[in-house]
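Below you'll find the structures, each written out as structure tokens.
Paired with subunit B in one complex and with subunit C in the other, subunit A is shared by the two complexes that follow.
Up next, the complex of A and B:
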């Protein structure tokens, strides 16, 4: 089943008198249960694309549907409700609230959706074990490491049982050990059926995904499928693709 | 709804504690000042309030100042003395006795009339002879005693204190109730003048060119210094309320600015800005209500240790009204930071 469907998405900004095209023509679909990475250098349009998929921004033209909902037609309030219900976010800088302990940070989206306390606890218990953060729940974000913060942030994204996890450079602020831990975790939750879409410029991070889309100058110009490759083999494949692009060679 | 608000305040105890402390002190100042203003204002009027009058007639030339008014028997003939109205005869004077000297307001009255029945004794009894006085409790606090002989008036006439009464102040001076027949002698005027005015529960009208009628409000405002004093205090209190609202707004503004990044994250996660605005609103209400409650307690405690010579009066309805006013105004002040919340763009979070 196609979960996310983008057709001929175009986005341009007015910069002074000139209009700047951030996305020229983007079309792709994501099936339910997929694990997709979107790769690109800064300025390639990944952030714009992520914002559109996150309902934080609207395309100038084209069609985008998530789970049958036309994201272009949502009002600001509907979009907020939609994000809360259907999307889970993992950000580069974790963006946990310092005034809340980790448990309350994770609970916050549920509190707003008026989920009963008992059910919140039940959901958290399993999740915390899986993410190995049970002992950290009563601490504050300032008292735990970056890797631990990102796992708490992942728990916050997962607890609402969203249709889609959107991760923006999730390993951008992590050391290699914490990165690997987080990506293995993503792999686990994906195997359990969670659809994940992450945006990154790191080949290593992308190599954990099942499919990789390469974006440059506002178009998707290449994509790779991991197939039966191991993560290491897939990394080599991604790196090779990137090299040939930089060297100006054509890829197919 | 208060999930975010309460947790935030718990975590940032010091920060929110400071805000509450500052608002507490400002509203404490408002309450103490109101109590002092009210206390002072009441020192002008307790006697008049006790008489339950609605209107006063006095000589036209006195221009509303009852203690300057002189009425003859002819002037008074138009106004019967009955259940609802009584003659009063006022004059300021110095009461001297046993080394004490105090400025008082001599109020000459008839036995068993509207005014004399309004006297609430705290000690002693009402006068039975023309050389007896019932004086304000304030004079007892100053050292005058029951049974003491004092000199009063221009002719240093001797009187004996036979009773003390509460709520007996007229234009800041303690009242000495005496026999109306002694008044012209105490004041040092011809005895063809028999009283300074008529007070009534009914609405009196001037029945000759020599006299003028005043409503109670007009009469009080004509009291020397009374309206100037009240408007001074009123302005001080109003300015304090305005300042406290500005302070609350500034605090909330700073607190909100510091939280913009957090709020942007929450907006991204799909938390509506309405929730964030209500969060700020409920924090404001919590801050204001706890600060106002604390300051009321503080003001009441301070009033216990302030010496009794300092007139203070806590008018409960007024305190509640002022407190409510502060909460409402402070809440209005939080509307400015809410504009910032409404403008927060969640897009800023992504693409770090």
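Up next, the complex of A and C:
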């Protein structure tokens, strides 16, 4: 079943008198249960694309549907409700609030949706164990390490049981050990059926996904399927593709 | 010089925050200037204008305003330095020495000082005429004119120079701790959750409670003013402690209440406030106390002024009051009538009354009258005796009393007895309520009591024979002559002067209501003027503090709201959350101020009663109106600044 569908997405910004095209023509679909990475250099349009998928921004033209909902037609208010119900976010800089302890940070989207306290607690217990953050719940984000923060952020994304997790450079601020830990966690979650879409410029991070889309100058330039490859073999393949893209050569 | 360039560059690039600082300091310059220009004004000082009274009230007001200016300048500068130090830190990283940084700050501060001084003096000069116009009308004195002279400007320039030097020293001191590592750390450091300080919060409640208790239980006496001061100090300390520590305790308790806490609005506001209380408890307490002072000061001075006519009536029931040891004879009375004609004043209701001199007394054992010449307080009665014949003549009545009987007129304190024992003789008494007292029935003096006996001999027997009476005159030979006047104030004053001159050899008192009225204008108009100026200054300062608070908090909360919006807080919900948070934060100080005023009410009543100027109706009306007006202004400031906050938060 197709969960997310983008057709001919175009996005341009007005910059003074000129308009700057960030996304030229993007079309792709994501099936339920997939684990997709979108790769590209800075300036390639990754963030614009992510913002559009996250309902934080709207395309200039084209069609985008998530689970049959036309994201373009959502009002600001509906978009906010949609985000906290259907989407989970993991950001590069964690985006945890310093004024809440970790537990309340995780509860935040549920509180906004007015989920009863008992149910929030019930949902958190298993999740916290899985993410190994049970001992951190009563501490504040400022009192834990970067890797731990990102796991708390992952818990905040997962606790709403969203249709789709959007991750924006999730390993960008992490050391290699914490990165591996987080990506393995994503893997586990995906095994359990969670659809994940992440945006990254790191080949290593992308190599954990099942499918990788390469974006350059506002179009999908190339795409790779992991198939039966191991993570290591897949990494080599991604790196090779990246090299040829940078060198300007055509791939296949 | 590169430092001047950098200083100028930073000023122009961040003009918004510097403009606010310059604007508020020029405003303070202007208000301080107006105070000083009144203090040094030669036309007010002249003795015939009752100027000394006005000057001393203005002087007290000036001390208060100057202190407020000093504190506020430091507060506002704190906001500037916090943001500026980040910029200076970058220069520091790029290799500037502390000496060079000091120089940059020196140039910036100097520029701001010069600009705000010039702008402030300009504003002050243009509002000076208005201030003098108001003062002239309040005091009803045409001789008061504002003048533009150098000394007040010089004093203001020096005063603000001192403030700016102090600020500069503080800036240098703060910059000494500035080094690249600290700076980077400070940027990254997340605020710590404040600890609940139960002891300090409890202490705050206790101190506030004592302050309130003192205020409520103060009895009207001359020590009431002193006790009121003590209560004020306690309430100030208590309010600060309560806002700083107590609010954190309360918020933590709210957070413990899961049902309450895990609701979208409460969730965001309780956690946000918990973190901001530490830095802002003091700010909120200051807002609360400024509002309280504005309320109390304005209520006091306006109700004093509004009630002054009534007080005047109380002090002097008749326009002219002449007392002497001999009754005025026909020739003298005729002469006064002629003087009135000369001064174009119509006089009426001339009456003469002979009484004893009054004696302060105490009634012990329910009926025993004892004179009291020492430690006279408001509890004492002031006994005056005369014959029924005098009463009938004065009041136009035809009453009679028996030899062992007395008529008693005691309007302020009804006697709970049928007999009175005076100098060993017991009389039956009959209380009457019909007597136009010739002298003051103001609340400041002991309560008046008149006794009317059957004849002169009985009156003599009533009089005190105590040797301890000292200088107080005794004896049945106080002659009062009163009349009313119609004419302009100037004409009335002219007649009063003429009568005084005519009766110059008279051994008693001559008082005219017109003279008193003029003195009253100085007594009550001066405080009203100063009170209004102070009220305006405090309101503006409060508004600026609120504005500063909102801006700094807007920047602090911006990131939080951004994150929450990404996680799914809609624009509408953001507005609602901001509203709920602001409402709680903003209602706290004004609610505190109204509660403070409520508790100040009994103390003010005592002070006013001690001063003899209490009028419940006027006071309550004024207190209510001032509260409503301040509340409306507060809401306007709240709405305007919340809009600024919202704009910052929503990027």
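Quick note on the criterion: the second predicted complex is superposed on the first by the 252 of 252 C-alpha atoms of A that agree within 3 Å, B and C clash if a C-alpha of one lies under 4 Å from a C-alpha of the other, contacts with A are read in each partner's own complex, and residues count from 1 in each chain.
Keep this in mind: a contact is a pair of C-beta atoms (placed from the backbone, for glycine too) under 8 Å apart; a residue touches a chain by one contact, two chains touch by 3 or more.
Note that the coordinates shown come from a computational prediction; the quantities given were computed from them, not determined experimentally.
Annotation: superposed three-chain arrangement on subunit A; subunit B versus subunit C shows a clash.
Residue contacts after overlaying the shared chain place A:22 against neither subunit B nor subunit C.
Of the two partner chains placed around the shared chain by superposition, subunit C is the only one that A:141 touches, whereas subunit B remains out of contact. In the superposition on chain A, contact of A:114 is made with subunit C only, not with subunit B. In the superposed pair of complexes, A:81 makes contact with subunit B and with subunit C alike. Once the two complexes are overlaid on the shared chain, A:213 sits clear of subunit B and of subunit C alike.
In the superposition on chain A, contact of A:172 is made with subunit B only, not with subunit C. Looking at the shared chain after the overlay, A:57 reaches subunit B, while subunit C stays out of its contact range. Overlaying the two complexes on chain A leaves one subunit C stretch of 21-29, 93-101, 309-317 or 327-335 clashing with subunit B, which is 309-317. Residues common to the contacts of subunit A with subunit B and with subunit C across the two structures: 54, 56, 77, 79-85, 87, 89, 91, 95, 97-100, 104, 108-109, 111-112, 140, 156. Per the touch definition, subunit C reaches subunit A in the complex via residues 189-193, 258-259, 262-264, 267, 271-272, 274-275, 560, 563-573.
Note for the complex: subunit A touches subunit C at residues 54, 56, 76-77, 79-85, 87, 89, 91, 95-101, 104, 107-109, 111-114, 117, 120, 140-142, 156. Only residues 46-47, 50-51, 54, 56-57, 77, 79-85, 87, 89, 91-93, 95, 97-100, 104, 108-109, 111-112, 140, 156, 168-169, 172 of subunit A touch subunit B when the two sit together in their complex.
Subunit B makes touch with subunit A in their complex at residues 3-4, 7-8, 11-12, 261-262, 265-273, 275, 346-347, 349-352.
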